Amino acid sequence: MPIPEERPIRLPAPAPPDRRRFLTVLSQAFLALWGLGAAAVVGAYLKAPEKRDAERTVNAGLLADYRVGEGRLVRHGITPFYVVRLDATRVLALSAVCTHVRCILGYDPARRTLVCPCHDGRFDLSGNVLSGPPSRPLPGYPVSVRAGEIFVQV
Amino acid sequence: MRTALALLFLAATAATARAQTGTPAPPAGPAAVAAASGRCGVCHPAERVQFEKSRHVPEGVRCVSCHGGDDHSLDTAIAHGPGYRGRPARRDIPKLCASCHADEAQMRPYGLPVDQYALYQISGHGRRLAHGDDQAAVCSDCHGAHEILAPRDPASSTYALNVPQTCGRCHGNTALMRVRGRADVVRTYQSSVHARALTGKGNLRAPTCVSCHGAHGAAPPALGSADKVCGQCHTVERRYYAAGGHAGGSSGRPGDPHPECVTCHEAHGVQPARPERLGTSCVMCHEGDSHRLDLGRRIWNGYRTATGEADKAAALVAKADAIPIPTEDYHARIEEAHTYLREALSAAHSVQPEVVAGFTTRARAVGEEVQKELQGKLANLRQHRYVLIAFWFYVLLTLFVLKRFRDQATRNR
Amino acid sequence: MNGPGRQDPPARQGWVDWLEQRVNLSEIFSFLTHFGLVYTPVDTRKPVREVLHDVAAEPVPRYAHGARALGLLAAILFGLQIVTGVLLAYYYRPTPEAAFESTRTIVRDLPGGWFIHQMHAWGSWLLVAVIVLRLLRLFWEGLYRAPREVLWWCAVAMTWVVIQSDFTGRLLTWDSHTYWGTVRGLEVVWAIPIAGPVLAFLLGGRTVNEDVLIRFYVLHLMVLPVFYAGFLYLTFATLRRVGLSRPEAARDQGTIHYREHVYSMTMLTVGLFAVLVTLATLLPFRFHAAADPYATPGGVRPPWYMLAPYALLQHLPVPAWLSGLGLLAAAIAVLLLPLWLRGDDTPGRRRRLRLAGVAVLAVWLALSVLGALLERR
């Protein structure tokens, strides 16, 4: 039986070691970008948000900016509210959403009442219904004044 | 000694009672002498039970206060003796009640009004009674005869929730009313939004019969002033109405009454306001009057476009909520738009397009603003797709690099 | 390697040897082999460097291709689900009041939260698909025959565990659609005789309330993954005994070194990840509203894998207990398939079996479509 001629196996010439090592390192760095990306996403996600209670506490401005008897509407998502300064130190916050059909209330500083433009419902500053169709009193929000700034907890 | 005499006396009267009526008298004892009803309750137990629930009892009013007679005796001859008025005739009842309730000196300690009798005499009921209609309502028809309770007592027939039923005893009786030329308004009222608020939602401030007609001075509101009655609660609508073209007979046509609340909204069967009426009501009177119809059309079109924009904005907000992206600010602005729209409906009572437009344009502006902002945000999200293309380039490059590494490993094998 | 006398810098080699003298690193590495990263056993007496060299040069059949990659994909997806699941669990709260809100916070407010949530949702969908396809493939190729019965049992068990994981995981968002879908699914479970009430007892009963939510939470996070890992371990233990695939198939396709297999697996992972990211971006799962136990939204269906039993139990004119019994019998038959489908592996018989399998699948699909359409009314 004839012995098949052994043909020498020809491998492609290896690249010079420096370039090969450079390419290898480059490729490894490229692949490492995946790890970096994952770390960035996961890190941003895991950074615990301090918003938990902070989101519910709204800064309503400086106390000094409010005149005595002034009431200002603060728009805050679905819970807008009025901040009313009663005297030098006392401030209160009431919901600005009428308990009838959820119109946004207006403030009457002369009478110190909140008036609904839709059906003329009126509330006093304690939230009691003075007249008109609303059947439920207006909820209030706790207010604290810290370092001259008004914070309302909605 | 005295106890023995008393007992002897009691036995004697019991025996006489039995001898006279032929029925066994109930056992008489000290408990039988009640403070308010005295001995009347012995023969009239049902009325006694009713009376002792009433508001009169703690104030020292007794059976004999209205009926006269002697309430210490079980002997009919004495009990129903001199001074006994018996069952008062219907036409005498108002005066009987007024004998205390129109006396300021007696009523002042309770803070009760004393004008009921005066009002009653000029009321529809009082006038009919004076003209000889004995079926007209008198005090006991509404307040009850014996079981009179304070109006604030939920069991009272004059408690707000019970008023329609009380009035309905006569005004819901079709036969009784037809004779007098009155429609059956009670059933109509029960279908109204007022009745639903009252009985359905328990809102005690919802109007009952007496809110519009008065209680003691009950009479239908006269034409030309019906709007004042509705305007007591619906103050905003009345303000616009009074400032507008519908108030005060400005039709210019002789004999034409000017429209009042009940012209467009029903009186007793009033239903919640439907904005579509803005488009259909005007033609009911102004058919052929193109100028006024045009005013109405402008109001309706303005309201309709504004509502359309607000609704589109609300739909976008709902879509954003499903993704979800933060939308609380947008919810607030939609509420604001709805506030303007509701104000517009009230302002429509002025039948002046400019006044209504003041609100509808604001609502429309808010709606369009919200739509624009949300669509911007949604478009931003769509840009994620372009990032995706870049990502895929990166993925393919990675796969290529990995394949190179693998081929290297194969070569080394 | 680079010539005599030249040695690698001692610092690099140092810490591995330092550890090697104190703990059996090979044994720690062999832990990975149990769960399938390396399926061949490892000689833990050798130092770890030698072990790694041996493993890398191990000849294996070309396994990361075609239908055989299904098992690999299942394992990779499982790993992905664990990672994304743990990240989600950092912020999720398992009470009815907070479940929907916390999920929405994750998706809406946290950076990258929507990405992790959608990856987990699509990952679960793909995992179920892969695991079911794997089972079908095992049937198609007849890979349940002796001595590979345990492989089949593990595959069936893993399918069951994954479907349970999907079912329990759905409820956790406390979304109105998934909540009522779970209620419908539980109805199906209850209707199956014997096994149904037992299962429902373990799941927590008929009404879906806060106790059931916590129970589903525990099952989804702790119990079911442990079971899955257990069955995965058993699968690889079996494979170590009976081999990765049939010997003749291995000869046809040639062998490669394990090192190349690792690269193939990595490419597979990258590809899978890219597909998931695409799905997450282009077809994200939407939110509806928080679940309200007193208000049922229209058009709610049980999960898609329960549509066929649902159609069978609710809409066919057969008494419920009978169809429930039928389903139970079918499930047991599927489990015990290797025991009653014995016989020669002739091409004719194989063709007949495949045809029978296709017929059963067609019936299942038809019933599922029926179940889906009926709910649209």
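For reference, chains read A, B and C in written order, and residue numbers begin at 1 within each chain.
One rule holds in what follows: a contact is a pair of C-beta atoms (placed from the backbone, for glycine too) under 8 Å apart; a residue touches a chain by one contact, two chains touch by 3 or more.
Since we're looking at a predicted model, the values are computed, not measured.
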Is the number of contacting C-beta pairs greater for A-C or for A-B?
A-B
Which chain is most remote from chain B in terms of Cα centres?
C
Rounded to the nearest Å, the gap between Cα centres of chain B and chain C is 62
Expressed in whole Å, how far the mean CA point of chain A lies from that of chain C is 37
From the mean C-alpha coordinate of chain A to that of chain B, what's the distance rounded to whole Å?
43
On chain C, where are the residues touching two or more other chains?
109, 270
Chain B touches at least 2 other chains through residues 398, 402, 405
Residues of chain A that touch two or more other chains sit at 34
Inside the complex, what are the residues of chain B that reach chain A?
201, 203, 205, 233-236, 328-329, 331-332, 335-336, 338-339, 342-343, 346, 397-398, 401-402, 404-405, 411
Complex contacts: residues of chain B adjacent to chain C
321-326, 384-385, 387-388, 391-392, 395, 398-399, 402-403, 405-406, 409-410, 413
Could you list, by residue number, the parts of chain C that touch chain A in their complex?
87, 90, 109-113, 115-116, 270
Mind listing the chain A positions that touch chain B in their complex?
11, 27, 30-31, 34, 75-78, 80, 97, 101-104, 117-120, 132-133, 135
Spell out the residues on chain C that touch chain B in their complex, using ranges where they run on.
104, 107-109, 256-257, 259-260, 263-264, 266-267, 270-271, 273-274, 277-278, 281-282, 284, 286-288
